[in-house]
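Take a look at the structures listed below.
Heads up, the next two complexes both have chain A, just with different partners, chain B and then chain C.
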Partner chain A sequence: MNKATKLVVSISTLFRQTRSSTFRCNPIPTIAIINSQTHLRRRESLEPNGLRFAGRVFCSESGVKRSFFKCWNCGFSSEKVAFLFCDSCRSIQPVDDSVDYFQIFGLEKKYEIDDGILEGKYKDWQKKLHPDLVHNKSKKERDYAAEQSAKVTEACRTLTKRLSRAMYIMKLNGINVNEEDTITDPALLMEIMELREAIAEANDSNELNQIRSQVQEKLKQWSDSFVKAFESQRFDEAVKCIQRMTYYERACEEIVKKL
Partner chain B sequence: MMLRQTARKALLGLSSQRNFSPVSFASRLYHSNVIDHYENPRNVGSFDKNDSNVGTGLVGAPSCGDVMKLQVKIDSSGQITDARFKTFGCGSAIAASSLASEWVKGKSMEEVLTIKNSQIAKHLSLPPVKLHCSMLAEDAIRAAVEDYKNKQAEANGETVEA
Partner chain C sequence: MAEPAYTVASDSENTNEEKSSSSPSLPEIAVGIDIGTSQCSIAVWNGSQVHILRNTRNQKLIKSFVTFKDEVPAGGVSNQLAHEQEMLTGAAIFNMKRLIGRVDTDPVVHASKNLPFLVQTLDIGVRPFIAALVNNAWRSTTPEEVLAIFLVELRLMAETQLKRPVRNVVLTVPVSFSRFQLTRIERACAMAGLHVLRLMPEPTAIALLYAQQQQMATHDNMGSGNERLAVIFNMGAGYCDVAVTATAGGVSQIKSLAGNPIGGEDILQNTIRHIAPPNVEASSLLRVATQDAIHRLSEQDNVQIEVDLGNGNKISKVLDRLEFEEVNQKAFAECERLVVQCLRDAKVEVGDIDDVIMVGGCSYIPKVRNILKNVCKKDEIFKGVNPLEAAVRGAALEGAVTSGIHDPFGSLDLLTIQATALAVGVRANGNNFIPVIPRNTMVPARKDLFFTTVQDNQKEALIIVYEGEGETVEENHLLGYFKIIGIPAAPKGVPEINVCMDIDASNALRVFAAVLMPGSSSPVVPVIEVRMPTVDDGHGWCAQALNVKYGSALDLITLQRKM
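Presenting the complex of A and B:
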């Protein structure tokens, strides 16, 4: 889809969303809502100074936050955010940013996931959404399908790789991993420096593969540490784990390039 | 060479999407200064970390997995007489640290602390997406000078006690 069309579509989507939903400050409270699985809560029992989630306040608007959905085609409205298809007329819906990647694949919002499910679900969605398969629908629907298809692909890509999955989970919890740009931890940096030097000096593929398996060991180890830190809400530690993993991943990429 | 250039263009494509001026084509490529530093980096190497005249700055950018090491040799009058660097990262990071290693030579410690990342970025015409590379270089300079100062303080402290 060329850029101009995409811009028009996203602007029209934005219009539709601002018209139909009253407040949409941040997707995270919505996720908390869907998590709680009682739609009533959304209307009534919000605290006056906003919604609390993991001890952080995201919305300072008082009053009811409604995220209600209305189909552009048949007008069917529901409180459940429909991903992709309207329940009533089965027409394709525009991309809704409050739906997170885990929801798309019907997975729980945790770090450990089943790769098989991811793959299977991905193929299912693409069968329904792939631009080549929706020829008989209106232009608008085809555009939505293209957008949704892109989102599903992005979701799959993010969730497949451990590192991006970890960063995504952190983002869902409001922690942006890339904020601090420079680090000066001497121990970590020395280790990475030596690792990269070893890679640069390695001469044959045996050496490189050896180094690679060592690095992958470390990746697994730190990935496990991340899970523990994240689940015990030790977010600073979790960020450090992710940083290390980023470095190891880069090292792996270098090895692959050299091989 | 072609592949490298295509890759570079792809890399910079992101940053120049918002640039609608007629010279946007020029800004899609790496600036010649960057290419120069990348292909002919100056001062690559290391000093002995334990040498009392050497300050070592080791910094990293975890968001992109870059590591940068900048070492300076400082004489008794506080002048930087020599510098070496080693960087693992993108072309812009390498160029920024190479430039930094050039700029610090012959300057005093106080003077190099005034080197700002914006100057480095301007010299290399870094696109917005690569500005953090210049920041990393600035941090490396500071870290190196600080390391030297710490070493001096420790050495002096020991002499005083002894």
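Presenting the complex of A and C:
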């Protein structure tokens, strides 16, 4: 195997850096869909430009910061955290980067979620935001639709999978997990080697399925450990859990490829 | 009938038509067209429901063919055939959906060579030569032209009945169509003066109809309530398509798609070969008789076939269902494989399937029905849709939805979330096809991969984009190619070449390529952005020509990722 160089940054991210803040109506409608890993690592540098907070009014009320959102089209003001769509005039709002994926789905910022509700909520959003539904609206709103629906898709993708969800919630807590970090734990290295061999040597789908259920069991265990570590704010440990999950997730992919 | 109101524009290659010319005036409701290999239909949302238009002979299903017999070619919309065999004299071109956008090395083109009109191949990867027999001379044409003539007639018929100009259309297309083939369909539409709002894979049109029916049935409990999982199987004369869709609240989310150019035409030809005595040319009489026998076999256990081929050649044979199934065993096995693959790609358990929907002419074949029942472990096939009208109805619904029509009763409160039918990727690691966006990725989609150079100090690299499922590039469709230049001198394996692909909601594909060096976070040369497909007819040549010219000098390999 090649000694891998550290991956730098994908073009999709670069595009966001170089273009998205200046060209709001750029010709690439789905610019906000970004490969999730690089996205998480790079996003911080993109957020603070504040351009997107158009129409947002802040006011303090008895010491608690509350925000109202004003529809760009009809001026209707909403207190909804995830104000992606105006219920009054049915127009799509510009993307607000301060809205996180959990808020989009009306979820508490917790790792363990009831992922059964994601699909339904996802469809509800797409029914309001999908670019197919705004053909006759202005170019501006069509761009909002492309970006919002892309963001909701990315949110759904990120929250559905345990690993990406774990990385995302860490990110929200200010910790960027670099999944390409080198492994130093010799025990883990050994285990990965053995696992790879087992997958390579497996002859039929029965064997592969057996390995897969073992790997998935491990994934579940490390996912549980992640919850504990994360909740007690032992972030170093949480990062280790994520690393483990990354390797098991990859092993799973490898198995599915062979199946 | 009056003189032709529209003529077909010339088939020139530069299509710089502005995609979405936004007209802020009254929304024109786009019509839905199902161009089938053997039959077409056209439907429109009439304000309260989908209305299928009929031709002057009161037919909803119109035979897809164009005759070049007289001065002006005439299609199946206006043209009345005295007899079924008249279509088989060589003057009529049909099955254009099996020929459009294919090169002369394609096995599907070769399978069309025993049709009564001329399909000539040179087997070098260019478009086949197609011609109709007019006054004992072969008059050449193209599948695009034939389709355009037919579409002009459909358009004229719709305009007469709807009493308004018809410009915007939603068309259904086979799942297995490459993006290049889709451009040929768009081309034919443009030649016919039609503007394509959407090209829908056929089973996704049926999924939309199903979503609407389901929503109407459960309209009282609003919201996206209970999700229903359906397997949609669509097999007509030319293509077999499968989809798995999860529907709730009028939203149909396509979980997976699978398709192949296998259909009733293949079954018919297999059966003709089986029935015909050796050394007897397949005649139009035999074709008609066999087709009729296959239809009857859906109801009966065996059929008697009697054909007098002339010259003392008589066929008298009893064909039973078992024999018919054996003759077509390979075709049926392929249907089964597609369904199994589609279910696996959708990652659904067979026990979770709520409905199995079967449409298209071949869905009447008992063997095909049994395959679906067995694979999906269902005793019953869904009865709520008309197998021959479902696709056009779905297309008409999509036409109304994308035209921005609102229905007070919520009948158009619909949405399809599409998935990519075929993977798109590049040539790398030798002659391998490396998918960047895998098949069945939710659309819109954007993904990227890293590649690196194969030579020391390699300054340029070829990005050759393919679409398909094959492991080597030869098995896939070439979409286009471009060269990245200005890679800094470095040992092989060091430069990082990022290839990013983007499919937007209207299914347009863009390919980006950037050169990065380790440690820097911005591209060293300007990023290249190309809208694909860029290839033309004769693209079989291009890949080979590139190979001859450059060998492996400008190759790429995937950048290894640690496990």
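In the analysis below, the second predicted complex is superposed on the first by the 171 of 259 C-alpha atoms of A that agree within 3 Å, B and C clash if a C-alpha of one lies under 4 Å from a C-alpha of the other, contacts with A are read in each partner's own complex, and residues count from 1 in each chain.
Everything that follows uses one rule, which is that a residue touches a chain if its C-beta (ideal position, glycine included) is under 8 Å from a C-beta of that chain, and two chains touch if they have at least 3 such contacts.
What you are looking at is a predicted structure, and each value in this text was computed from that prediction instead of being measured.
By the touch criterion stated above, A:I192 is placed in contact with chain B and with chain C alike.
After overlaying the two complexes on the shared chain, residue contacts for A:C89 are found with neither chain B nor chain C.
In the superposition on chain A, A:I117 contacts neither chain B nor chain C. Using the contact criterion defined above for the overlaid structures, shared-chain residue A:Q126 touches chain C, although it does not reach chain B.
After superposition on the shared chain, chain A has more residues touched by C, the comparison being chain B against chain C.
Of the two partner chains placed by the overlay, only chain C lies in contact with A:A146; chain B stays clear of it. When the two complexes are overlaid on their common chain A, residue A:T184 makes contact with chain B while staying clear of chain C. By the touch criterion defined above, A:Q243 reaches chain B but does not reach chain C.
Comparing the two complexes, residues 180, 182, 192, 196, 247, 250-251, 254 of chain A contact chain B in one case and chain C in the other. Listed in rising order, the residues of chain B touching chain A in the complex are 58-65, 67, 69, 86, 88, 132, 135-136, 139, 143. The touching residues of chain A, when paired with chain C in their complex, are 1-2, 4-12, 14-15, 28-30, 33-35, 119-121, 123-124, 126-127, 130-137, 139, 146, 149-150, 153, 157, 180, 182, 192, 196, 247, 250-251, 254. On chain C, the positions that touch chain A within their shared complex are 20, 22, 24, 27, 197, 223-225, 227, 246, 248-251, 253, 401-404, 413, 415-417, 442, 444-448, 450, 493-494, 496, 498, 500, 502-506, 510, 512-514, 516, 518-523, 527, 559-563. Those residues of chain A lying in contact with chain B across their complex are 177-178, 180-186, 188-190, 192-193, 196-197, 242-243, 246-247, 249-251, 254.
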